[in-house]
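The structures considered in this document are given below.
Shared between the two complexes below is chain A, which has chain B as its partner in the first and chain C in the second.
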Partner chain A sequence: MDTLGLLASILYQFGTNAAFLLLAAIGLVVILGMMNIINLAHGELMMMGAYIATIVTHRGIPFPLAVLLAFLLVAMFGAALERVIIRRFYGHELGALVVTWGISLIMGQGTLLFFGPFMPSIGIPGGSFSLGAYSFATYWIVLIGVSAILIAALWWIYQNTRFGLMARATMQKAAMAEALGVNTDRVYMLTFALGSGLAGACGALLAPTVSISPLMGQQFVAPAFITVVVGGAANVLLGAIGSSLLLSAVKTPVGLLFGAFIGTVALLLTALIIIRLMPNGVSFYLQRFTERRVGA
Partner chain B sequence: MRLLHLVNGGEDLGRSRWFWIGFAAVILALVALPLYQTEFEASNASYYLLNIPLALGLSMLWGYCGILSFGQVAYFGIAGYAYGVIAGNLTETSWGPLVGSVGGLLLCAAVGAIFGYFVFFGRVQGWIVPILTLVFTLLLETFLGQTAGYQWRIGAVQLGGYNGMTGIPPFQIGNFIFQGYAFYFFALSLTVAVYFISRVLMNAHFGKIMIAIREDVLRTETLGYDVRFYQLGVFVLAAMLAGLSGLLYVQWGNYITPSQVGLLPAALPVIWVAVGGRNRLLAVAIATYLLNWINYTLSEAGNQYAPVIMGALLLLVMLFFPRGIIVAIAELRWPWRRDVTPVSVQDRSA
Partner chain C sequence: MWNGTTPLLEATRLRSGYATGDVLQGISIGIAEGEIVGVLGRNGVGKSTLLRTLIGLLPARGGAITLRGQDITREAAHSRARRGIGYVPQGREIFPHMSVLDNIRMGTFVGTSRSDRAGGPDFDLIYRHFPFLRDRHAQRGGTLSGGQQEMLAIARALVNRPDILLLDEPSDGVQPNIVEAIGDAILALNAERNLTVLVVEQNIDLVQKIVGRAYVLDKGRVVRELTADEIKNTARLAEYLAI
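And now, the complex of A and B:
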């Protein structure tokens, strides 16, 4: 019984680590993959989602509704951001990096001034159950499921909807898509809004599991970007899945044995080594592999 | 003669006789600062000056070579901590601080070289480099933050976690200790020296290769230059300059904490360089001095908005003066100006 419990516990740790990485990275992945914009304000968008969810939950609104609200509000904020600032930096990779960093600075420090350094967090919804000597939080199990559903939904949107088709066309060759009547400007705005909204929703989803503070976005920066960097840009959704599973496979044992900090260091080292070995990221190889399988 | 020619090359602001007269006047005013300012004010001025090497390093890296780094403060911190540990353990001898300084710089070079090897010889795409430098910086901060316990002791020196490392000895050669006005002159002369060396370097062949890499990596490579090698070179150089600033900082304040390596300090150098004009060294140096002065004045007045103002400044500069405010001012067509400074290769990188 106990070996089963241990096994389940390790699997659970692996799952939560992978889900955390995926949730931290998904908004970033959408924006990077579709628009080639590296959004350094990503952590602050997650912070914004977490704040929205926390505030409205304290007012008595049920948590799932709060997550939805966080998605909508942060998506609207993202759309405004894209209209006013981001769209001036298409094609200027480094410029976009710097300007989104300025945005993140203003958002983080502004929240600090406006809301103060702390905010009472919301408790983890759902209880926990135990298997042998090990206990498991129901909420994390739900989060693992939610991250899988999110990825599947994104996949479906990009493969089966009209918006997805237009977005993929824009991504492949913007000028050509425009010539065929796609309003690429609109696609960019919607994509940025979608990415921002996802960041907000994921921030809201993770809000019960972390402490809420204006600079909480920082803790997502390292895992989110490592996940994206390891994933690469060849096929971002595939890359995000592959790299969050791979990184979790590294982080889980190291973190269990040596603590959380060494686990994160191991993440960076893994990222450095993977970049040295496969500069195009995991997704490039995953895609080639799947294409070969399909082609054969 | 050849050196003079290089100093006066086209890759930095100002080449006319009047420019150099003005330059000399500013230097003279800085040298004469003790005549009209108190020791406390001179100490503040040294703080504004000591950030300039770091900014110049980032300018060469980003503005000239097209490699953006958010992690220059990591090398600032590495050098500061290394100096603290080495000099703090060699308090009996008078050459401890000198050994500490050399050790700090060498450690910066070594860490920069290892990191740069993975990044540049892995041929990482342009946008990944800044991300990795940022992640590296965040990890360094986390690591230094958890060194509070007594087991984190190197010889006689405590790393001290978020309380920071205290009692770091000042710089000293023989029995002469650099403090007050003496430290001000030390920082001033080092800063001016670094500026001239950088200016010569960017006008020399090395600088031309930097610009070539910024403009087109593939083309530079097909002309027979090993791009990876030069990228690594300028990265290590920038790391050592950031280290120099870190050394001066701990010698000035005798104190360093992990928050010096945090996200907010990491943002500041990028702001200085962007506001000045990233591919003009002099503009960067001026902006660094002025923005440090403004930042200090704002936070001294108890103004908590300083970081927000700095962020907003960065945003406005990126939107309206993408080449930098100081550069924009310098390139205005003043009515008394006969020739317009020949603009070298136009920067298309960012």
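And now, the complex of A and C:
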């Protein structure tokens, strides 16, 4: 029984680590991967989602509804940001980096001003169960499923909808897409809104598992960027899945054997090595593999 | 030299260019429905700039552009495309990471703002003229040869039955038998569907094969209009292509 418990525990750790990386990265996958905007306000968008979910949950709104609300409100905020500020920096990567950093500072400090340094967090929904000597939180199992569903839904949107087709074309050759009848201006706005909304929703989903504070966003930024960069630009969604699984496959066993801190160090080292050895990211190789199967 | 009716697409004293200055110095041209009109001239006289300005990728700095008599001079490129202008740029501009089928699908927004649009995209028409596209629909656009990419770009511009096709040097970097096939396809579509075409081209064979009338450009101006007979005269035509 205990071997089974240990096995389940390892699998559970692996799943939670991968789900955390994926949830931290999904919004950034859309904004960095599709628009090539280095969005340093990504963590603050997640923080905003966490605050929205926490505040409305405290007022008695059911948690799933709170997550949906976080998605919608942060998406609207993202659309406004894009219209007013971000759109002036397309093609100026460094400018976009600086301006999103500025936005992140304003959002972080603004939240500190309005809500103070601390907000009581919401309890983890669902209980826990145990298998042998090991205990498991139901909520993290749900999160593993939700992160898989989110990335699958995103994949489906980009592969099968009109918006997805237009967005992929715009990211590859904006002028040509425009000349074929795509309102690229609108595609950029919707893409930034979608990425922001996803960051907000993921912030809300992770809110019960972390402490809620104005600077909480910072803890998501590094894992998010690492996941996206290791994934590479050849196929950002495939890359995010591949890199979150790969990084979790390193972090989990090392973390179990030597503690969480060493596990994180191992994750960073792995990221360094992968970026050095595969500068195009994991997705470049995954894509080549899938194309060989298609027979291209 | 068109027959006096309202041209389908017309440019009047059109000026446009880049940061370095105006390339088009006041060009006036008109294309009537069902015509295949050529734009000739040596490199750097503004042929591609003309097409880029007509589709709206470059803003007009002066003059006017009308489609079916409606002023579209200040319209964004995507609105013009949706009115029914199909555009095949120089260098083809295939979406390299998208499948052949998705590349063709990207043409399905062309002409969608027309009030009288008949039916949806016509994939059969495309596959009849370029059958290899059906066989390779899952392949990535970027993995096709230059000639195949040119055919894909033309198919993409044609799938939603545009009113007019703007073609920028379809023969550039394309092997002769594919140039031949492209010429055949355009002639067939012109005969079957009354497709209107404005084509920039330097290849004498292709010009003589498809073009009914042509403008010769030099230094951003129309310096001559060639009739069908003048185009048939290879020596004269060669002279104008090198003007």
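The working rule: the second predicted complex is superposed on the first by the 295 of 296 C-alpha atoms of A that agree within 3 Å, B and C clash if a C-alpha of one lies under 4 Å from a C-alpha of the other, contacts with A are read in each partner's own complex, and residues count from 1 in each chain.
The rule we apply is simple: contacts are C-beta pairs under 8 Å (C-beta built on N, C-alpha and C of every residue); 3 or more make two chains touch, one makes a residue touch a chain.
Keep in mind the model is a prediction, meaning the values are calculated, not measured.
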{"item": "First, second, both or neither for A:209, with chain B first and chain C second", "value": "neither"}
{"item": "First (chain B), second (chain C), both or neither touched by A:184", "value": "second"}
{"item": "Partner chain in contact with A:226 - chain B first, chain C second, else both or neither", "value": "first"}
{"item": "Chain B versus chain C as contact partner of A:268, first or second or both or neither", "value": "first"}
{"item": "Chain A: partner with more touched residues, chain B or chain C", "value": "B"}
{"item": "Partner chain(s) touched by A:165 [first = chain B, second = chain C, both, neither]", "value": "second"}
{"item": "Partner chain in contact with A:173 - chain B first, chain C second, else both or neither", "value": "second"}
{"item": "Partner chain A, residues of chain C touching it in the complex", "value": "55-57, 76-78, 81-82, 87, 89, 93, 95-98, 102, 105-107, 109-112, 138-140, 143, 156-157"}
{"item": "In the complex, chain B residues that touch chain A", "value": "62, 66, 68, 70, 118-119, 121-128, 130-132, 134-136, 138-139, 142-143, 146, 263-264, 267, 270-271, 274, 304-305, 307-308, 310-312, 314-315, 318-319, 322, 349-350"}
{"item": "Chain A residues within the chain B interface of the complex", "value": "38, 40, 85, 88-89, 92-95, 97-99, 101-106, 108-110, 113, 215, 218, 221-222, 225-226, 228-229, 233, 261, 264-265, 268, 271-273, 275-276, 279"}
{"item": "Residues on chain A engaged by chain C in the complex (per definition of touch)", "value": "165-166, 168-169, 172-173, 175-184, 234-235, 291, 294, 296"}
